[in-house]
Each structure stands twice: as C-alpha cells, then as structure tokens.
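The chains carry the letters A, B, C and D, assigned in the order they are written, with residues numbered from 1 in each.
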C-alpha cells in the first residue's frame, strides 16, 4: 500500500521501517528532518511537510501527544485528505481528542481508525507489537496489511475509535499499578531484611506468573532504570490522560490517584528521563531505604 | 513419616488427605470433631486433643489465625513436644507471631519451620500448592517428603522462619492490588460503554499475560463471587497482617491503604462471605454502576 | 463608579445588588434575562449583550466556569474594551485560564484584576465576602470601592493575577479536606456507638475551634444537605481545577486524590445537587452505616 | 484529695504539679526516679514503686502507651487497689486496652474513669488542658476537683470509659489531617511561586479562622519543628491506634491511610524527634521543593 507516516520517535521509526520491509510504499515526515533521512536509506520517501504524506491510501500518525497531532492534522493535512483516505492514529492520545477526531473526520468525510499499540521499542523493532484497532469495520479491514507488518497480533475492539484509546489507557493503568505495587512490595520485603530479586523469583515462578511483572520486577530489583524503555516523563503524561478520562466519566480510581502522585513526584524529583518503573524508588525512599 | 495435623478447614482437609495418600501416617485434630472423622475414613487417626497429635516426628498446623494457633500450641502442645520434633506452621499468621514462635521453640528446644502456601482449595485438593519454606536448612530438608505430598513445588526461602510469612503476605498484597486495579479498570471501561470481559480478553492475550489476572478478571467481569475460593472476610484479616508488618517496619504503602479501605468496606457492606475479588464491586458502585 | 456586571447566579446577584446599594452605577448582563430584570428593579441598567456592559470603568465577571467566561470575554467584549478599562474576574476559574487572561489583556492593553471570593450566598447578601485580589497594585487600588461594597475585607495578594486563583483553590482544598475528614471521623465515632454531634460539640468547644468546621460538622451530623449552600457538582468542578493546577506544577497531593475520588463518586451516586458536605455520606456508607 | 500519680513525662509533670498547687496531697511515681524528686521539691511525696501510690482515693496514670500502663497496673497495683478507689487513665491508650481496663476493674470491683486530655505541655503547665471524661457519672463527679486543677474545661462524654479514648483519637485524627492538608496546600502554593505564610495569614484571617490551623500552619511555614511540642514518633503511635480502632470497627478511612503513610515515612526518614507537623516536609519533598 501507499502510506504516509508522521512521527519518527523511538516507536515510530521501527514501525515505519517494518512497513517498508513488508513492501509498502512509505512517505515519512518528522519535524526533525534528520530522522526522516535515516529512513530514506531504508527506502522511504521523505516529505518536507506533513501535507506531502497525504498522497497514498493511508496516513499513520505516531506523535507524542494531542497537541502535536492537533498541530499536524488540524493544520493543513486534514484539508488535503480526500474521502477515500484513512487516518490511523497509533500513538497514545486522549479519549476526548480521539472523540474530536471522530467528529473532524466525520465532517470532512475522511476515514478514521484509532489503533494504539502495546509494546516497547524493542517490540516495535521486532514487529511484535500488539495493536488494538477501533473504527468502522471495513476501514479496519483495509488497514490490516499495515497492522500485520508492524505487530504480532491485531485485536478489533469496536466500531467506535475512542474505545481503543480507552483500552490503551486501561492497559497502561494496569502496568503502572503493577509497578507501584512491586515498589511497595519490595520496600516491604527489604525492610524485613530480604532480597527482592529472590522474592520476585519465587513469586513469578509460582502463582504470580506474569512476564510483564517478572521483567519490570527485575528492572526494579536491579535498579536498571536506564536506558528508559518508556520514560517516566511520558508515563506521567499517560496517567494524566487516564485521570482526565476518569474525570470525564466520573469514575473514582483510588489506585489511579496513588499512581498519579508517584509520577508527579517522580518528575519533580528529577526522575523524568528514567524508565517509568523508577517510581518504585519513591516507595523505597519513603521507607528510608538507601 | 508419622505426622500430626491440626486444623481441617477448606485448605487443611485436602492437605491432610494428600499426606495420607502419599503414605504418611497422619493423626488429625480439629475443634469440630466431625471433620476429623471424615478423614478417619481416608485412613487418618483421630486425636481427641491437640496434644495427641504430637506422637510423630512432625506436627503441622493449618489454623485460621494467630489466636487459634496460640491457643493450641502455647497451651499444652508445645510442652509435650520433644527436642527432635518439628512444628510446621502452614497457615497465614502474622510476622510478629511467627517471630514469637521462633523464640518459643528456641526456648523449648523444638524445631520450627514456617511454610505458608499459595493456592486455593482446588490446588490443595490436586496437591498443586506452592510452598514457601523458611527455617533451619536441615529441618526444612527433613520436611521435604511432606511438602512434596501437598504441593507441586517448594521454595526454600531463608533460614529465618518469619521470612516465609513476610513473603506470603507480600504475595497476597500483589494479588489484592491486582483485584482492586481490575475493579477500577473495569469501572473505567464500563463507564465508557465497553464490555470488561472483552477488554480483559484483549489485554490478557497480549502483553498482560498473567493467569491469575485472567482468572480473577473473569470472576469480576462475570460477578461470580460465589462460592468463594477465598473469602473477603479472611482476606480482610490478611490485609491487616500486611499493614501490621508494614507498621512494624515503618513502610509506607499507599496501595496497601487503598486495599485495606476496600476490604474493611467490603466487610461492613455485607460482602464478607463472597470471594475476595468482590471488592471490585466497590469500585463499580462508586462509579454509580448498577 | 460605573460598572458592568456579568453573571447573575446565586453569588453574582447579591454582589451586584450590593454595588448598587453602595451607589455605583451598574449595568448587568445575564444569559437568562429574567434575572437581570430582577436587578433592574433595584436600580440596575440591563444590557442585552455582554458588550453593552463595557461602558464604565470596570467590568466584573462572575461566571460559572472557564468556558462561560471564555465565550463572553474572548468573544466581542474584550475587543470593545478600551485601554483604561479594567476587567475584574471574581468567579473560580482555572489557574491556566487566568494566566491566559493576563496575556489576552496584556496584548489588548486593558487592565486585569483577579479577585475571587470566599463566602457562600448568605455572605454575599450581607456584603460579608472575603476578597483576595491580585493584579497591578494601582488597578487593585482603583477597584477598592467596589470590593468594599461587596465584602467585609479585601486582601491584596500579589501583582500577578493568577496567584489569587491559586489561593482560592487552595482555600477550597482546605475546606474539602475538612469535609472529608469530618466524614471519616463521624463514621469512626458512629461505629463506636457515639453521637457525632455531641463529639463535634466537645471538639469545637475545646481545641478544634474553627467556625467553618463547626458549621459543616453540624450540617453533616444533622444530614441537612439541602438546600445546598454550594453544590457538590460545582465543588467537583473545583477539585478538578485544583488537581489540574497541581498537575501542571507537578505537586503530589494524596489528600487531593482522596477528595477527588469522593466528589466524582458523589456525582456518580446522584448527590450532585446536594451541599458539597454531602461527600461525608460516602464515608458513612463505606462503613456500612444506614 | 489524696492522689497517686504515675508517669511524669512532659505532660505528667506539669499536671501533677498543678494538683499539688491546688492543694491536693499527691504521691508520685516515675520509672526514672530523678523526675519524681523534682516534684518532691514542689511538695509531692515520692513513691518507690507504683503500688505505693495506691494509698489515696484516686490513682492517675499518664504513661506513654498501652504496654507501660499494662506493666504498671496489671502488675501489683490493681491487686492492691480497694473497692472505693478510682483509677483515672489520662494518657492516650488504645480503645481496645481501655475496654480491657473496664473488664479488669469490673472484675476487681474498683472504679475506672477514662479521661484523656487535649493540649500540649504548655497548656498542661498553665492548667489549660481540655479533659474528656467518660465513666460512671458518680465517679467522674468525684474526680472533678482533680480535673479542674489540671484543665480549663472538662467534658463529660459517656458512662462508657472507652468512648473517651475514641474521641481523643478522633481529635488527633482531625489535627493530623489538618497538618497533612496544610503540607499539601503549602507545596501547592510554593510551586506556584507564592509564600505560604502570606497565604496562611489571608486564609486564617478570613474564613479559615482556626487557631490550631494558624499555629501549626505557622510552624510549617517557618519550619520550626524543634523543639517538638508533640513528637512525630509519638504521633505515629497515635495514628496506629486510630487505624487499629478503625480496623476493629471496619471503618474505611482513606485520609487516615494517607496520614499513616506520612508518619511511617517520617519515622523512616529520621524525623521522629521533630514536631509532628514535620510530616508537611514530606509533601514539600515530593513536590521537589528544597
């Protein structure tokens, strides 16, 4: 397929590269042009402006946040899109903004698919992402070849695009809750004179068999917060999106509140560029450890 | 081996039965004698008093709480135990009381192994428990044939018995945190008009692969809180033990506090005999669901 | 002075009336014109559009939220204001929007004073409000005759208008925290079989001498949540503004999180039109009371 | 009256001295005898053992915690008390232990009045304590001359002694909640570039008129945590008593949980000997201040 791809960050780059590898004709745009040039060597066409990515059947955006997407899309790009073209939004954006995109594309007559991903940069590299897609069924089906080039599995969630953003935030909430819980659990065992890695090994080799908990638990037990797979600063953005969606729907989330406090404190305490699992250090610190 | 077994509740009964099946010579005691008689049919000898269980090499206790164990052990039983005999405490007791047992057995010259288990009654039935043992290495080794009759795997944690109680509480904390997180996550998706079971399926078939989360998530999504695998009332006891151990070690546990509030509210709201995962109903209720 | 006054809700009406009583020449505007007509009988001139209030030296806004103020001000009104004119914003708006107003007025060359108030409608009626004013000192001084007509005391806080919004939110946070604390304290004494009003009387007549706590405690003990002095629904808006400002400044506020959860739950549970102190019912409910 | 007084700490010493000043015949006992000798110079008789304080009509205890009181009272002292004698317990003890004392005195036939106090050492010095008394009305009436020698006001709460302990804990909870709320509020205003003392002055001179909030707010704004009026370490004991009583009655207390976390962290972080208001430093630290 002929695809535009906007946003070549730690996730976007490998995703675009996998599209090229799979034989798609990809035009890339990135604010910092150097990153786009890198992909040119892999076979991408480089666009000088976002609008130039709109030549194909699909434009994928993988931008940092609502504002970045708003700037790019609701600037000239949307105006340039024709009816048969589809915009796939794959980064983590707010539920509210995804709802706005439904309206904007509706008014304009263009297609909109929301397809956030689960996975860190190494999974993006290996085309092992999990993709949660929501949008009109026919449109999602049309995008399938692209999804299968980037991920190991695509789930069709709903005809309503923002549902995918809700589920993405929900998934991140569950991971964040695990990070904080491990942080508290490790402070608890350490203050009782025990080794967190040993405890984790026992738990994850018995009833608590969860690869994500094993991985993150290991990072925390070994304090290997650098390089960051997903930075604490970006995670702080996500917990804000979660709480904003909870606010809008009047959902009390006491654990959400605990997590929010940790991420804000993490940023304030200078941990913003470490891996998001570094919030576990705050539980350790409160317990007077180290 | 010749073993005494005290406490034939939902867990103790199948555990004692598996010891018998494995060929051990088991003398059982239970306050309500009818339950002991049941096991007599399986080959157990029935003791009229706790003291009568003390004839063999080992006495196992699987009693509801500190008080029950204190009544039984620090009554006549301990006085009757001889030096070469070993007491294995397998129920969830407080870290503080486990420390007291170290001292009491130390003074008396008898052996003490702390070996709490992970698993629900069906796992006990199937001899699939996970056993975390702590105590003098030689003693734990001696008990190994018993452990392998009751569980699928035994972990040797530490020479210090209370460490096993700390880890047991830590494990329960992680499960409880998952229950509450799922409760909040489901309230979040439901208020956005989405089906929690569908969301759970996607998450647990992608990055959130954790059998315990899948199982409990299913119970919560389907509201199948009866019969209780582990009752909310008993779980409320466990979170109290967790917080007591955290208190003693001056460990802040914000998620621990959230969980504690939920379980106390669950008991106050009449959910005590439902499965402990029923605390998820409180998050739903706060969100105005149902 | 010649003053425009926009927003004649439960607070705005008595405030405007007190300006008239003090001899100021007041032109009022309200979306629902009937309310403006009421004030006409007291001597106000009625404006058909917001723009018509801009004839005097000052325009006061007392609108429900950021959006209402944005619609009114950043529509035609600001364009119409001349350099020597001053806009006084007196309702509870977000810190961020107040910062935007500094810029908007700065660009336009008009004066901006932020002057939120503390007090309920009865205090507004009695001209007993407390007013916290922030803005260029000379402008605030010019507005003093208006403030003294509406309030019992004006505090000059800062030359920077948004500071007054921060302090207003801070004050509301302290009240909300007291409401929730009283709710928990009353659930605590009631579950011990004691009468909350009796307990409150002892506390507030000994060391806990705080009229606001005495008043709200009485409302809670007697469950007199109607009519609402300040509705739970509006308070839910304010805790959102507090958390948004905390978010922007990366401030962890664990009690803020607890309060937020309560107000969201209060709205979800149908308590939105009751007095904000009704969040205390949620603590009682969790304890299984009533 | 002829009175025994056990426990001459920062509070007990001035209380006993005021009894002497008021003309009562006081026999004092303190584990560290030097403190008792000090009072001898003021006219007290010094007892060598707790039992020797039991000669008069009343024995007052002002001991650090349950254990200290248990050691003293349930040792020889209770056995020595005669039917007409009254024990007044004035320190902060657990609700559960106060209930045990009701039973112990009931069995023994002696009188028991629970009469905890509100006030810091300077209030004790000035005989300005507030005393909350609970117990059989006739007994409380008999003790009145003693209470009026030590306090500015005595409240009769209930015929049931533990009620006074519940109310004492409830009062401390409300103060602690205020301390934490001020800590969060100050972090909030400081991160917005504002001066907390100035903000406090405005709030406490307008609607937030509460001497306790003004005093503690001033301590926090000025960081004058030494000398401690009431140490953070002792306050940590009290929040444990509060949560234990809440646990026993199945009362969820989310703010209680936040406070508990702060005090445990305060002790872990080495703030134990500072004034309890120093928990506010933890909110500041989380916000990255200082």
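As a convention for this text, a contact is a pair of C-beta atoms (placed from the backbone, for glycine too) under 8 Å apart; a residue touches a chain by one contact, two chains touch by 3 or more.
Just so it is clear, the model here is predicted, and its values are computed rather than measured.
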Centroid comparison with subunit C (C-alpha atoms), farthest chain: B
Comparison of B-C and A-C by number of C-beta pairs in contact, larger one: A-C
Centre-to-centre distance between subunit C and subunit B (centres being mean Cα positions), rounded to whole Å: 52
Centre distance in Å when subunit A and subunit C are each reduced to the mean of their C-alpha atoms: 38
Contacts with 2+ other chains: residues of subunit D: 246, 250-254, 258, 261, 264-265, 267-268, 286-288
Residues of subunit A touching subunit C in the complex: 236, 240, 243, 246-247, 250-254, 257-258, 260-262, 264-265, 267-268
Of subunit C, residues touching subunit B in the complex: 254, 261, 264-265, 267-270, 282, 286-288
Residue ranges of subunit C touching subunit D (in the complex, touch as defined): 95, 118-119, 130, 132, 153, 155, 157-158, 160, 162-163, 166-167, 169-171, 173-175, 177-178, 180-182, 184-185, 187-189, 191-194, 198-199, 202-203, 205-213, 242, 245-246, 249-256, 258, 261, 283, 286-288
